[in-house]
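Labels A, B, C and D are assigned to the chains in the order they are written; within every chain, residues are numbered from 1.
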Amino acid sequence: MSLESLYQEIILDHYKRPKNKVLQDKYSVEVHHNNPSCGDEITLRVQVENQIVTQLSWDGVGCSISQASSSVMSELAQGIPVEKALELEVSFLELMQGKGQVEADEEELEDAVAFSGVARYPARVKCALLGWMALKDALLRAGGSK
Amino acid sequence: MSLESLYQEIILDHYKRPKNKVLQDKYSVEVHHNNPSCGDEITLRVQVENQIVTQLSWDGVGCSISQASSSVMSELAQGIPVEKALELEVSFLELMQGKGQVEADEEELEDAVAFSGVARYPARVKCALLGWMALKDALLRAGGSK
Amino acid sequence: MALLDTNLIRQDFPILGRTVRNGKKLVYLDNAATSQKPIVVLDAERNFYLNHNAAAHRGAHLLAEEATDAFEGARAIVADFISAQSSEIIFTKSATESINVVSYGFSNHLSKHDPFYIGAEHNIVVTQLEHHANLLPWQQLAKRSGAKLSWLGITADAQIDISNIDSVINDKTKIVAITHQSNVSGAITQLEPIVKRAREVGAMILLDACQSVPHMPVDVNKLNVDFLTYSGHKAVGPTGVGVLWGRSELLEKMEPMITGGSMIDSATIESATWAKAPKKFEAGVPNMAQAVGLGAALNYLTKIGMEKIHQHEELLTERALKGLQDISGVEIIGSKSSLNRGSAISFTLEGVHPHDVGQVLDDYGIAVRTGHHCAWPLMQELKLNATTRASFYLYNTPEEVDIFLDGVREVKKFFKV
Amino acid sequence: MALLDTNLIRQDFPILGRTVRNGKKLVYLDNAATSQKPIVVLDAERNFYLNHNAAAHRGAHLLAEEATDAFEGARAIVADFISAQSSEIIFTKSATESINVVSYGFSNHLSKHDPFYIGAEHNIVVTQLEHHANLLPWQQLAKRSGAKLSWLGITADAQIDISNIDSVINDKTKIVAITHQSNVSGAITQLEPIVKRAREVGAMILLDACQSVPHMPVDVNKLNVDFLTYSGHKAVGPTGVGVLWGRSELLEKMEPMITGGSMIDSATIESATWAKAPKKFEAGVPNMAQAVGLGAALNYLTKIGMEKIHQHEELLTERALKGLQDISGVEIIGSKSSLNRGSAISFTLEGVHPHDVGQVLDDYGIAVRTGHHCAWPLMQELKLNATTRASFYLYNTPEEVDIFLDGVREVKKFFKV
């Protein structure tokens, strides 16, 4: 494993230019999650209409992994059915907890496969999951079933 | 070290036929001591007149060492000045805490030198001291200074 | 039923080859107090220190990752050993701490709807044969909360007396704290009627498994209790580590006794919120090496087989019980049959104080325990000041039982009784 | 001032010869979290288990005597190390437990004349740079008792601000709980004015010496505090053992947090009375092997010399502080001089999150800590979410400091800042 496989260009790009990182006024649910062992934080707002995630915005502080992962998540989960977004979360979680042994499904996870390398650094897994855990929480509160 | 040097005849004798082991009605101070790690107990009564220990009686339950030591103590400390009895206690304590390296003064401690062997068994030292600790406590309460 | 291959097992415990008191072979029969440790346990601890030592859950560096893996790996082993979930396993320093943790979980400062609310209207049920560790914390809780302390008594053969269970455990009862196996009489508690009654009235149940988990198969799913605890050092594990198992739903609602680092969800200078169990109950840099050592200990026991260990002990216990009954003046506390009985055998010898019995046995190289065994209330009930106790484990042999029995006969000779 | 002979010292710590992450030499700079252990410590524990293991204070047999000697011998070493009396040394599982013990010693159930009585009319004083271990127990005590939690703030260079000490520590103050050395900024507390003020108003003082006792000579007689605590694992000792030192007069009057076996004077089913300190505070079979290991650790440190260790660290700290200041974008938390400063150096690097700094350093084999270091209130005051922290100990070398500084430069390159 090299540092480059952990910090892929796509991650550093999202870190420097995060997507959807301006909290929007329109939302059905807002959640706030943090990572008590490092102090990283995220506030996530989702707007759900007819079981579709129509809008998703966030703000937060944290390391490159947590910020980039939240940014990628905010793109992937936008405009798709709640159930589909929850499935994405499950797939990403599996990838992260796979200790580097789980093959990523690029078709499904798209840019999020860039985080495959994180799975080899157990201490960073929770960074990559911060945004996704907030997403899951928000969608379940917004009425998604799981 | 042999068992015989721990359990000298004199100790077994005092254990089987303890002296002064009937609580007397006449006393200036009564104390109750116990050994929480083994459950041994002693109740000691001393009568002090003009700074002389005029009477000393006790009752209790415990192992051969604690019973015999209390019995020997009750003979030695009877009829002598409080100060002298307290000095005896100091000498006996030194002997017991000496880990078998302290030479007993037979002139002073008389029968109590039979307990010299106990000093080599740290777990039994507190048995041998039970009665003496009660004596010290009682005499200090009765006005002895130390 | 068959005996274990103790020749093989004893090679794992070098201390058993030691001599004591003028070259006598050590016969270690003080296992209910603490057990000896196999080399694999010492090696596991040493390997942790020599190769992976770092603060678990606290660093982004490789050693910290490895230390975390080792520590959490140990938790998984501990969970498996009693068929529990990892998230329900809390590492403490000892069973004593574990029981105190639960006793502090209860408080009269909580809302009356909280399962851990306790007040003057409630009672706490213990038994007369509890070890001080499973009695004093409840006395203290009673004092703090105003609740009443009640207890089940004992039968003639030093078992828990359940004849008045319906009045002692009643709808005021918050918790029943009970031993799984007496460290004095060896009695194995017949849990069913007690658990049934506690469930009827909605009381929680804490099981002191200090003398059971190291000696026989235990499955928390079958016990139907809420908390269970034991100490590593009695289960061929290191000193300084204990286990508290609790039901997830309850751990979630229970307040921690000890607060500090790494057990928070958030903290400001004025207040803090807690992380989820087990972290909530493990403030500070944990006893990592000891947890790892306990993991190795339980793996060792599992490899030998808990059912086999239990049977081995039953055979030794039977031999000892029989032999002791053949010695006149010996009085055994509790059951004289090895059925429903662990290997702790307490007895008295007429005319010789237990300390003196122990002393003479020690002179023959035989290590037993004498005294009240931290069960003073039971002694008071039995009208005894002390007993002598022998207790066996997987590495003890029938020959050692015989040496012990010979020793008791020597005691009689020495004191001429 | 001179450096220690680290070539020799490092031979005692085999883990330092390890490689990590593709064959990189380990550079262990996470000593403020936990220290590595010399072979003598592992050997002392192993020797205890292999030759003397038994329940201390509990048996009449030879092994129990030897275990007691080993355990009490360790207590004497621990006492000597800070010039205290053995009877004033309590073995806990960690500094975290120690501080909780004292916080539970206070209670509003006591008589108003008891030194440990606390009520709504009182306050408890901490500081803004405390580790959660020396903050949360006091928050909890405030909650239990109704007392007010007050705190001293920090100065611009992350020292304790004593400018308003006379109003914060006042005649309502029961206890001042304060760190001897910050685990974040490395600031060594200037105790005199704080102790003087606490004495003026009759408040007790607890000193969190986790970061001082392992790193410099400490004499409790010179400090004029009432309680002092540290963890063994940060002082080249085993995990699972902490020390609580307290003044005899106070220990005598303080109630125990944990109750159970071997801490009583007498017990019935309904109530119990306590043994004298230290036993009163050591319920249960104690962490004997860990205490013995800590004794060996302190003997090891004493042989090298605490004053020399302190000077060694000062030289390393100076080198690191100088080097870091030469790297643009680096911001050091707290004092930039090695004077009155321990070896913990926290810093930020502009444009790179501390986690990412730590990750790149780790790739170079350099183990540092990142995050809030269990001092979240300090972070909040500093308006930071996290920092990167390097901390040195007796086995670290100037070359390792240079590798660390090179590492920080590599971080900048990697993230192009």
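The rule we apply is simple: a residue touches a chain if its C-beta (ideal position, glycine included) is under 8 Å from a C-beta of that chain, and two chains touch if they have at least 3 such contacts.
Since the structure is predicted, the reported quantities are computational estimates derived from the model, not experimental observations.
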item	value
Higher-contact pair (C-beta pairs counted), A-D versus A-C	A-D
Most distant chain from chain D, judged by the mean position of its C-alpha atoms	B
Rounded Å distance, chain B centre to chain C centre (Cα mean)	38
Distance from the mean Cα position of chain D to that of chain C, given in whole angstrom	31
Where chain A and chain C are represented by their mean Cα positions, the distance between them in whole Å	45
Multi-chain contact residues (two or more partners), chain C	21, 58-60, 64, 262, 264, 266, 355, 359, 370-371, 376
Two or more partner chains touched - positions in chain B	37, 121, 124
Of chain D, residues touching chain B in the complex	57-60, 64-65, 68-69, 262, 264-266, 275
Complex interface listing, chain B residues touching chain C	1-3, 6-7, 12, 37-41, 61-65, 67, 121, 124, 127
Chain A residues within the chain C interface of the complex	34, 36-37, 121-124
Residue ranges of chain C in contact with chain D within the complex	14-15, 18, 20-21, 26, 28, 30, 33-34, 36-37, 42, 45-46, 49-51, 53-55, 58-64, 93-97, 99-100, 109, 126, 128, 131-133, 135-137, 139-140, 144, 149, 151, 231, 233, 238-241, 257-262, 264, 266-272, 283-290, 355, 358-359, 361-362, 366-371, 374, 376-377, 380
Contacting residues of chain C [partner chain B, same complex]	21-22, 352-356, 359-360, 363, 370-372, 376, 379, 385-386, 414-415
